[in-house]
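Down below is the structure, laid out as structure tokens.
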Amino acid sequence: MLPMEEINLHFTGDIHAVESAHNLLAAMLDNHLHQGNDLGIDPREVTWRRAMDMNERALRNIVVGLGGRTNGVPRETGFDITVASEIMAILCLSENLADLKERLSKVIVGYTTKGKVVKAGDLKAQGAMAALLKEAINPNLVQTVKHVPAFVHGGPFANIAHGTNSIVATRMALKLRDYAIVEAGFASDLGAEKFFDIVCRLSGLSPSAVVLVTTVRSLKHHGGVKKEELSKENLDALSSGISNLEAHLDILSNFGLPVVVALNKFNTDTKEELDMVMEAAKKRNARIALSEVWEKGGEGGIDLAKEVLEAIGEGKTYRTLYDLDMSLKEKIKTIATRIYGADDVEYVPQALAMLEDLEQRGFGSLPVCMAKTQLSLSDDPKKLGRPKDYRVTVREVRLSAGAGFVVAICGSIMTMPGLPKKPAAESIDIDEKGNITGLF
Amino acid sequence: MLPMEEINLHFTGDIHAVESAHNLLAAMLDNHLHQGNDLGIDPREVTWRRAMDMNERALRNIVVGLGGRTNGVPRETGFDITVASEIMAILCLSENLADLKERLSKVIVGYTTKGKVVKAGDLKAQGAMAALLKEAINPNLVQTVKHVPAFVHGGPFANIAHGTNSIVATRMALKLRDYAIVEAGFASDLGAEKFFDIVCRLSGLSPSAVVLVTTVRSLKHHGGVKKEELSKENLDALSSGISNLEAHLDILSNFGLPVVVALNKFNTDTKEELDMVMEAAKKRNARIALSEVWEKGGEGGIDLAKEVLEAIGEGKTYRTLYDLDMSLKEKIKTIATRIYGADDVEYVPQALAMLEDLEQRGFGSLPVCMAKTQLSLSDDPKKLGRPKDYRVTVREVRLSAGAGFVVAICGSIMTMPGLPKKPAAESIDIDEKGNITGLF
Amino acid sequence: MLPMEEINLHFTGDIHAVESAHNLLAAMLDNHLHQGNDLGIDPREVTWRRAMDMNERALRNIVVGLGGRTNGVPRETGFDITVASEIMAILCLSENLADLKERLSKVIVGYTTKGKVVKAGDLKAQGAMAALLKEAINPNLVQTVKHVPAFVHGGPFANIAHGTNSIVATRMALKLRDYAIVEAGFASDLGAEKFFDIVCRLSGLSPSAVVLVTTVRSLKHHGGVKKEELSKENLDALSSGISNLEAHLDILSNFGLPVVVALNKFNTDTKEELDMVMEAAKKRNARIALSEVWEKGGEGGIDLAKEVLEAIGEGKTYRTLYDLDMSLKEKIKTIATRIYGADDVEYVPQALAMLEDLEQRGFGSLPVCMAKTQLSLSDDPKKLGRPKDYRVTVREVRLSAGAGFVVAICGSIMTMPGLPKKPAAESIDIDEKGNITGLF
Amino acid sequence: MLPMEEINLHFTGDIHAVESAHNLLAAMLDNHLHQGNDLGIDPREVTWRRAMDMNERALRNIVVGLGGRTNGVPRETGFDITVASEIMAILCLSENLADLKERLSKVIVGYTTKGKVVKAGDLKAQGAMAALLKEAINPNLVQTVKHVPAFVHGGPFANIAHGTNSIVATRMALKLRDYAIVEAGFASDLGAEKFFDIVCRLSGLSPSAVVLVTTVRSLKHHGGVKKEELSKENLDALSSGISNLEAHLDILSNFGLPVVVALNKFNTDTKEELDMVMEAAKKRNARIALSEVWEKGGEGGIDLAKEVLEAIGEGKTYRTLYDLDMSLKEKIKTIATRIYGADDVEYVPQALAMLEDLEQRGFGSLPVCMAKTQLSLSDDPKKLGRPKDYRVTVREVRLSAGAGFVVAICGSIMTMPGLPKKPAAESIDIDEKGNITGLF
């Protein structure tokens, strides 16, 4: 309870530290360009942008280095929101300070005029960056409103990065208690796939079971019901939307672990609706339990907990979806067909060229981090339920060499949000005693 | 001892908080421009820049809002280093959260196309900004290597701002012990003048005595000795450079308090040199004591401490140099002639126009914060000793309406440094146990 | 002969005049933004760029209005090469000065913040623009190396504009001689279609016959032969490439006029090859004649001329491909399917939105000017011969309201070329007597 | 009479040709930067801007080369109005095509990262530039409303360039008639000084006499009368303003030629006023004649003509003011003191540094082209009459190595004007017969 406000303000300063480390690298790079550019970096081929923990539409695309010779080298760049920084992804994938520093040194910041990659290590930035992160790498232990201990540590974007907390925090959780639960950003097509194929593979962490959270409302949404009608019983729509749940069960079957469906109950769910979901799960031999935690606190989760323990008791071991020695294109195709249910993958020419370039430069054995809408199993946010007969289009490919994955972007991914017409900040206030209002 | 490293890294996060508050205001402003611009702000007349705690030459002059209609409004702006932010000055001049919020709301961010000022309050930003600063306003208590308690709280630039720590920290220090010492940025012409005329006047703090620190080396420098020769005895140059010490004594006589000269001893100082300075002070009836703290620790400061206590015992009350009902030009002239020893003040046309504009807008009764080189009593860094027969030129005038002063800039003031050819960061490293090297 | 050099330099100054008129409008627009912007133009929604008759890569994308309040309003824009200017298209479609001025006044330069179109007429620019064009509207009569009179007047881009000379010049040619030949930019899928559906429709000019120029080499190219092998006989490839000729004959059958194929003979063509093309044409009942003008001068064109006269003697009247009251999408589909041989048309979302917007604003009854690669009948430059089973993708839609057409862009169209590594200009020279070398 | 309109539109296209040559050089330079930059040009040290014959405030300061790697190299630059182009100055100083090409090759476009100058010749641009100017170098012969033949050829800015027509035109005029009159831009402090010290020195042209034009109105203005009162007799003010005429007579005495004052009569001048000026001239032994050409045509100029012929008959030879082997600073001081009547010259630091740099690079023996306000004999436009006891301040120094002079800029010189709130273009119109209105 206590730290809720802090978590929404500066918290322990981790994000500030990530931002500082990110921007130190950018400053060293622009300084290098200014001070003679010994590495021969092409100012037009700098891929490292700057970071700010702010919704800053106006900083998405900027020109820096203006004002004449003494004020840097003119070039186009921009800011991303700090959680989209590769540094955040690296922080969450690092085992310790030495590993962190090693990964930081591998971050690619751009290309020389001759096409050679330029790394943070070439700029000798990794030591100072790691020094700035020396506290941020330590997990933050907080408690929930019911005093359950929880680690809040790291928040990499679930699109251009992997979307789960730090490996260090998970390891520490496993040391402190018998069980540790990792929340994966977005659903099984994104969160679970990346957790298994990137995080578990890289860290050696070996999970024992999967909890797949669902609600009657979300399934009715996938059955075509509009948001404002979700509170009304609609068994037809639910029946249709259950195809989405089935798809997720099929997706998870790729990874070899027992799955428990947690059916998160809402006040407006009817018994018939809840039953229909329970039946559907059972028909596919999936474990399922009603979760009434919101209403009843810990008591409401006992059934679910029991199912999970039983699932763990099965003693299964997870497996990855693809092997690293497959080509990048094969990996993407495997994910697209076996996870998203697509027929095939199309590439815009630049994306294909980038993939080929990465293979040639020796990055072909990295895992692939897919950046895709979370609103559909496909890459089209409007396709609900379980889309079929479609192709995924890869529009852009980026390299996160420090984090250790290749990002394949399907659709347009926004890495710097903008404020709305009436920003929340306008309603936030603090009184003379320090009580804050408007934050939630 | 312990926190030295932290103070040089993120410390308690105050600078991050100041930066966040500063940049939130910038983001809300650019969002306002983007979302229809109801206030009619002229994008070319936005004076509020962004802040980053980094030596970022390439961000001094930038163009933001590029990339078409959905990505903000194109305009020229730039970043200042965070300590140069008016928010930092405000934090140090605020009595409490309510005062802080009030000052934040008065910050001027630009002008409308019709020439009206636009304030942070017009953008409803002050509440959220103050919420971001709720911890930063609390003083930070640390200890020196000899375990003397010290507050490290706030670091406003001593040129475009007032250069002393927060009023809140000084008040807390006064509550905790019998005496509190405030270090003023730069010498008496800048640090002391601003402390008396701005900080003490605004806060009601009433100091009892002044300690004027000097060294044989600095006086030889003002006598014309080159840096590499400062370790050699040179009584002629010292005799000439003592005019600088005399000037500072004369400056301080304006404020009505007893002055103690602390002659900070270096290994290379000869007895004849030290004696010459002691004599010179006594000739002008000034208290003086040799400070050997660097060599002997606290023991080496006992003489000085005694002199200071005696000075405090005189029971004098400070007075300000000028009255607030004088015009801005009269205030500047008073400072230039009575503090800097100039004959008169010249203005470039835009500076004069800005002063007249400020008088008309009702800001004429604010105190003036001079931004001047610290290397000379004049505005020409090459004029050593006690310059005479010259005029000060005011080249630019800015308004810090939230902090509560008008800034008169003599010469060119850099508010965003750049990194050197070989940045210190290249030499900073951290080992696997978290030991940092290269930071000092 | 004589004016060849001049035509490649300033000629009669028409392009300079078009450029001046174009840029005057841009200057008046930016001045309007600067001087209070009474029309409420959104600086981000200005569509009118600037023009320069130069290969100016670096001017494709620029930011103007920098340097503070007195130097205009910052915004993104760029330069197009002058022949890509809508003014050039307008000049070629205008009947006289009054018509020219009327068209100029209708040129759309951007949108207000409320989404209203802003026209040159709103800026009162059309009078001065027309004055600048008063000589440029007069046709330029030159002679070929064989002293045949020829008009060289107007050169609108054949992609984003219609690609044929001025209507005024064609009318004058018809008054001076019995026959006038108009050269249409690119092949029948672009040049002829636009000439009939835009130029003839708008002007009322009624052509009597079509000359379709082809070569053995181009047909072998369409049969898959590489450039360096085109000089070798290859009857298989030719046989395959003849499908391209057949496609053009089918395209032209839409317009109702007799067609004469002019088979332009090269030294390297073999008799078997020439015969094969002659046969193919005859098999489809098309007139065909060998043209040996390059080798033999006028004598070499007598057969062709006879065929053309016979074709004219048929007394046929041309018809347009589509009616103006069809929707813009229907027009595009008609062109894509009946001219290009595509199955259907796809639109990227913005292009579709723009088409709908144009219909709503009342521009739905304009003809459509397709911007497509000239290297293929399809929108994919790599598809040779007679492509089948494909869809055309419209990526962008622009409005040339003054010229009087909607531009549908398939693929990426470059409106400002760049210089090559070794620009031709490096080899151009002039001696002291004024003899120029390196121009051709 | 006839060509008045053309002269104000495109005329013979000379300005377009100058603009094309100027911009070709810019395009080749940016292309060089883009294509590998073999010369090592620093993009921040490119001094060659672009040119446009338009009042284009928004193009004064721009950023070009945006849009990523394929679209040039990002850098700051801008446009000047075409008459301010060094190419215009070069055209007017060239003796023939060979000389033109030689001068073009010497034009300096920027500096390498190592500080070496980069010339048009290094880019191999001079041949193509000269080819573009091959017609423009030929003088244009027109006639006045009274059918007097006149050359209108070349219009270099009279501030940053020398302000007189082409040498070629003057030579041709001398061949065609007995006498040729050259009009020098601005008064004797600018126009005459530059004509003698730059044009005559470089060309060897040897003028025989000087005509100094004055009016009662201008002298009353220099006596302090406001514009709206100039039509009223004011003998006191005239008496005072005559000091300005005297100053110009003194200035011209430096050049060794007889001077004829042409007193240009206005309707509102009174006899007493005219007499006072005549007397003043005679008192200083200067020739003077009343010019009534505006009122009476050629007849009104007979007296003046006679005086001029007599002056020519004196057979004097002109001399330059300074020798080329003086240092640049000495030349500037000589002009400032002996022509402008200043006590001395001050330099802002960058201007001084640039002068020293030019001396070191071997440009010290060039003549100096002063850029100064034409509204005063001093560099302060508000100082009327004959200013005394002041110093001239040189704020900027530029090099026109192709034209062959060093430009010393006193005050701020605008090389790209802006349009007014209501541009003249709004009132220009053309009817269907081609009659233009609103041009004058």
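We call the chains A, B, C and D, going by the order they appear; numbering starts again at 1 in every chain.
What we mean here is this: contacts are C-beta pairs under 8 Å (C-beta built on N, C-alpha and C of every residue); 3 or more make two chains touch, one makes a residue touch a chain.
Everything quoted here is computed from the prediction, not taken from an experiment.
Colleague: If you check the contacts of chain A and chain D, which chains show up for both?
Modeller: Output, common partners of chain A and chain D: nil, no chain qualifies.
Colleague: What's the overlap between the neighbours of chain A and those of chain B?
Modeller: none
Colleague: Using C-alpha centres only, name the chain that sits farthest from chain A.
Modeller: That would be chain D.
Colleague: Based only on mean CA positions, could you tell me how far chain C sits from chain D in angstrom?
Modeller: Centre separation, chain C to chain D: 43 Å.
Colleague: When the C-alpha atoms of chain B and chain C are each averaged to a single point, how far apart are the two points in Å?
Modeller: 65
Colleague: Once you find the CA centre of chain A and the CA centre of chain C, what distance in Å lies between them?
Modeller: So the centre of chain A lies 49 Å away from the centre of chain C.
Colleague: Find every residue in chain D that makes contact with two or more other chains and list them.
Modeller: 36, 63, 66-67, 73, 76
Colleague: Using the definition of touching given at the top, classify the network of chains in this structure as line, ring, star, complete or other.
Modeller: Shape of the chain contacts: a ring, since each chain touches exactly two and the loop closes.
Colleague: Using the touch definition from the top, list the residues of chain D that touch chain A in their complex.
Modeller: 36, 42-45, 63, 66-69, 73-76, 113
Colleague: For chain B, which residues are in contact with chain A within the complex?
Modeller: Touch list, chain B to chain A: 9-10, 13, 16-17, 20, 23-24, 27-28, 30-31, 33-36, 52-67, 70-73, 76, 96-98, 101, 123-125, 127-128, 130-132, 134-135, 418-419, 421, 423-434, 436, 438-439.
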